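Two complexes come next, and they have one chain in common, subunit A, joined by subunit B in the first and subunit C in the second.
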Partner chain A sequence: MNTMSITITGITKDFGKTEVLKNINLTVKEGELLALLGPSGSGKTTLLRMIAGLEHASKGEIFFDGNNVTNVNAKDRNVGFVFQHYALFSHMKVKDNIAYGLRVKKKKDRPTKSQIDSKVNELLELVKLEGLGERYPSQLSGGQKQRVALARSLAIEPSVLLLDEPFGALDAQVRKELRRWLRTLHKQTGVTTVFVTHDQEEALDVADQVIVLNDGEIIQEGTPSHIYDSPNSPFMYRFLGNANELKGTATKEGISIGGVTLASGEPHADGANVISYVRPHEISLAHASGNDHHLEVEITKTHPVGPIVFIEAKRLDGDRERIEIELTKGSYDNLSIKIGDIMYARVERFGTFQANEYMI
Partner chain B sequence: MNTKTYKPLLIFIAFLFLTLFLLLPLLIIFIGAFSQGFGVFWHSITEPAARHAIFLTLLVVVVTVPLHTLFGLSAAWALTKYRFRGRQLLITLIEIPFAVSPVIAGLVFIILYGVNGFLGEWLLANNLQIIFAVPGIIFATMFVTLPFIARELIPLMEAQGSDAEEASLTLGAGGFRTFYHVTLPAIKWGLLYGVILCSARAIGEFGAVSVVSGRIRGATNTMPLHVEILYNEYQFAAAFSVALLMSLFAIFTIVIKQVVERKQQLG
Partner chain C sequence: MKRTLPGFPLSFGFMMFYMSFIVFIPLIALVWYTMGIGWEAFWNAIFDPRLFAALRLSFSASFIAAIINGVFGLLIAWVLVRYDFFGKRIMDGMIDLPFALPTAVAGIALTSLYAENGWIGSLLAPLGIQVAFTPIGVTIALTFIGLPFVVRMVEPVLRSLDQETEEAAGLLGASPFTIFKTVLLPLLTPAILAGMTLAFARALGEYGSVVFIAGNIPMQTEIVPLLIMNKLEQFDYAGATAIATVMLALSFILLLGANILQWWLSRNLGQKVVDSSR
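Right after this comes the complex of A and B.
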């Protein structure tokens, strides 16, 4: 399969007065599986539709393998596009849906009938829907429909494959299955793939590279582990799941929070107001105060869910703020935690950012 | 009070109205048509003036309905697949013929194209006659039947969105192929339903046509006008005979409409 890299330079899009994309630059390497992750309204779908040629940029250019495709019509871009709500042709059988892209080719490029048939069978096998070619889309489950949509988009041997919230309309179980399967499929086909999602877990699970968008701007990009381990902003901490916000002050020794000083790798101006973000599972608890940096807390709520126990505690220092802690069932049982216990919370990892007075 | 108490009452009211205002008149038409025997009925619908009225009515349908199919498809496509300034205004404008009295519609065409109208002198100079001629009848019918197909398609295409069309586009199909292979199959029953309603109205339109036609027997008389003329001439059996023929057209379209509606729900 002749797959291509995608390069986007200076893409800006405005709908009237609202700018939905602001000077976006990015590269998707040949054969890469990239996630565009962001909350709704972040511009991620608009960007994806632009790569497909379904939407046009106000400014900027798009290249496939170095060829400028900015002004190439969607029908001539040779991209595979998968929609959130499948967009199957409901009056056509599954096999005719898959064959569509081949049948509408110009006569000189069109494969013969038997070539089309064997291609369709090959694709049905690839998406694990052998024997369902004669069905109509309405006779399939959501997961099956989305696999038909995928097979249909792969039939034209696209230069790039684009998926717009492909699992958004499916229930949790099917979604998990399909996203693992998408990874496998991507390994098999090797086609450059970009998918849009608002689900951070999905992006981190499936993609080689993740680009996080918010308000039409790229906030952070990198591998899933890089994104997860080193969020570069308060937005990233909030967006990638729960994080406790601890207000503090920068000192020469580190970050001072409620009388406890945490050693910080990053320099902050002495005396500056800062906020440290701590994920609930990156806090540990002990009954006795240790020798270093433990916040005194009172346990107010415990809520075991399967292998994880969600704990709420109240800080006993000046702020008396509520913090959330997640422990494994094992360590929770070992500590035999009860409501009302006074314990000491140790922050294992955190990220600190300058407190902005405009920040909510 | 329990809603069950109302059930027989509501059913009775529905049947009463249907009988009084629909079934009884239809029965009267039937009785009237055959009041002087089958021979008179047959003669009434086959004599030259009647034949011409039938021909003219069908001509109006054959011209009007395809044009409105074209208009309805274009308007619905433009209004549902694109977003532009004035979109809402256009949707409202399409419905004007529903609100305007057909007589007023007829008068508007007289003011525009009549001998003393805005374009009257130019038309006369070019030897074109619209008012009191077939073109006028077609224009008036076009006005009255304008909303039927477009209004049927707009909500349907709005609900379907443009995902399937966009999918077709990314798969390499151009605009026409996409329309033919993707859009048309998805809207065909809705379109046919609109065509049926449009045809029924085009056959039965009286008010607008009566203003612009001039009622020249054998020349500018459509079936509804022919019925009225016969009635005014006290040829009741003949009037009812042509009326029965029209009613049969109407019943035929309703039957097709039912079939189409069922298909639409299924498919």
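Right after this comes the complex of A and C.
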């Protein structure tokens, strides 16, 4: 397959007064699997539809392999597109759905009947739907429908493959299965793929690269582990799961929170009000105070869910704020934690931001 | 399948009762009366070249009118559903006017427009086209009264179609015309046919708007309902019912055929449209 890179420069889109996308620049390398991640209304779907040619930018340009496609019609861009709600042709059999893109080609480019048939069979095999070619879409499950949609979009050997919340309409079990399968499929086909999702777990699980959008702007981009390990803003901490917010002050030694000072590598102006973000599972608990900066807390609630125990505790220093801690079942049992225990919480890892950065 | 709403026996009983009073009993009375006049009187009334000409005109003009309404009704529904423009609501309301207007009023208006000295007739006359008092005039009148059917049948179906399906076809390389032909038309066909069937049925029975513009020239522009009226005016009730019975039988056969076609199409297309949108 002749796959292509995508380059987007200075894309801006406004619907009247509201700016949906603000000066977006990004590159998707050839053969990469990229996730556009963001909450609803972040502009991620609009951006994807723009790459497909279904929406047009107010400003900026889009290139496929260095060719400017900004003004090329959707039908001539040769992109594969998969919609959240499948958008299958309900009056056509599965095999006719898959063959559609080949049958509507101009006569001189159109494969012969037998070539189309063998291509359809090949794709049915690829999406593991052998033997279902004669069915109608209404006779398939959601997961099967989405695989037909994928096969249909791959039939035209697209330069890039775009997926708009492809698993959004499926139940959790099928979703997990399909996203692993998408990852394998991407390895097999090697086609440059961009998919949109609001599910951070999905993005981190499937993609090579993740771009996080909010309010029409790129907040952070990088590999899944980079995104998860080094969130660059309070938004990222809040968006990628839960985080405790600890108010503190920057000092020469580090960040002073309540009675303790945490060593911080990041420079902050001395005396500045800061907020440190700590993920619940990046806090450990001990019954005795150690010498390395332990916050004193009182356990108020414990809630075991399978292998994880969710713990709520109240800080006993100045702020008396509630914090959330997640322990594995094993360490919870070892510590034999009871409600009302006074314990010492150690922050393993945190990110600190100037307080005014997030205040609106 | 267990349902919560009133069951089959009750609703079926009510349907039969209602249909009997409104449709079956009057029609049976008609056939009964016709049988009472005896075979000879019946054949005499039927084997009349004037009736044959009228039947041919009624069915062919109604059929052509239904086709015209099928094409333009689809177009109007398309514009009303897919575009926003100034005066859309007013336009939407005007679609139903042919239903509300007394048909005689429509007939007189059409005749004065299309007569040789009317606004449109006077433009067509130099081209050698005569509309009023010809089969063309009959077809125009029947087209007028059948307009709302296709529009109103197609509108809701078109509105319920998922635009993403069309986008998907476009992204696969289909041109707008191909999308229309391969994606939209198959999904709309059952509704278009249903609308055309209604328009056809309505046109067959139409009297008021046609008699003025037709001119009622024997063997040329007489429609069947006119012949029935003529017989009634001459107190030839037997003849009138005989013609009516023939008309009834032919209409029933055609409408049954159209309904079977629609039923078959919606089983093969429509049902799937509904299912997959769940």
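Some observations on this one:
The criterion applied here is as follows: the second predicted complex is superposed on the first by the 357 of 360 C-alpha atoms of A that agree within 3 Å, B and C clash if a C-alpha of one lies under 4 Å from a C-alpha of the other, contacts with A are read in each partner's own complex, and residues count from 1 in each chain.
Here, a residue touches a chain if its C-beta (ideal position, glycine included) is under 8 Å from a C-beta of that chain, and two chains touch if they have at least 3 such contacts.
Owing to the predicted nature of the structure, the values given are computational and were not obtained by experimental measurement.
When both complexes are superposed on subunit A, subunit B and subunit C end up clashing with one another. Of the two partner chains placed by superposition, only subunit C is touched by A:P137; subunit B is not. In the superposition on chain A, contact of A:F310 is made with neither subunit B nor subunit C.
In the overlay built on the shared chain, the residue A:Y100 is in contact with subunit B and with subunit C.
Touched by subunit B in one complex and by subunit C in the other are residues 52-54, 74-81, 83, 85, 87-91, 100-101, 104-105, 149, 152-153, 155-156 of subunit A. Residues of subunit B touching subunit A in their complex: 163-164, 166-174, 177, 181-182, 185-186, 267. Residue ranges on subunit A touching subunit C, taken from their complex, read 52-54, 74-81, 83, 85-91, 100-101, 104-105, 136-138, 145, 149, 152-153, 155-156. Those residues of subunit A whose C-beta lies close enough to touch subunit B in the complex are 52-54, 74-81, 83, 85, 87-91, 100-101, 104-105, 149, 152-153, 155-156. Subunit C meets subunit A in the complex at residues 162, 164-165, 167-175, 178, 182-183, 186-187, 268-269, 271-273, 275-277.
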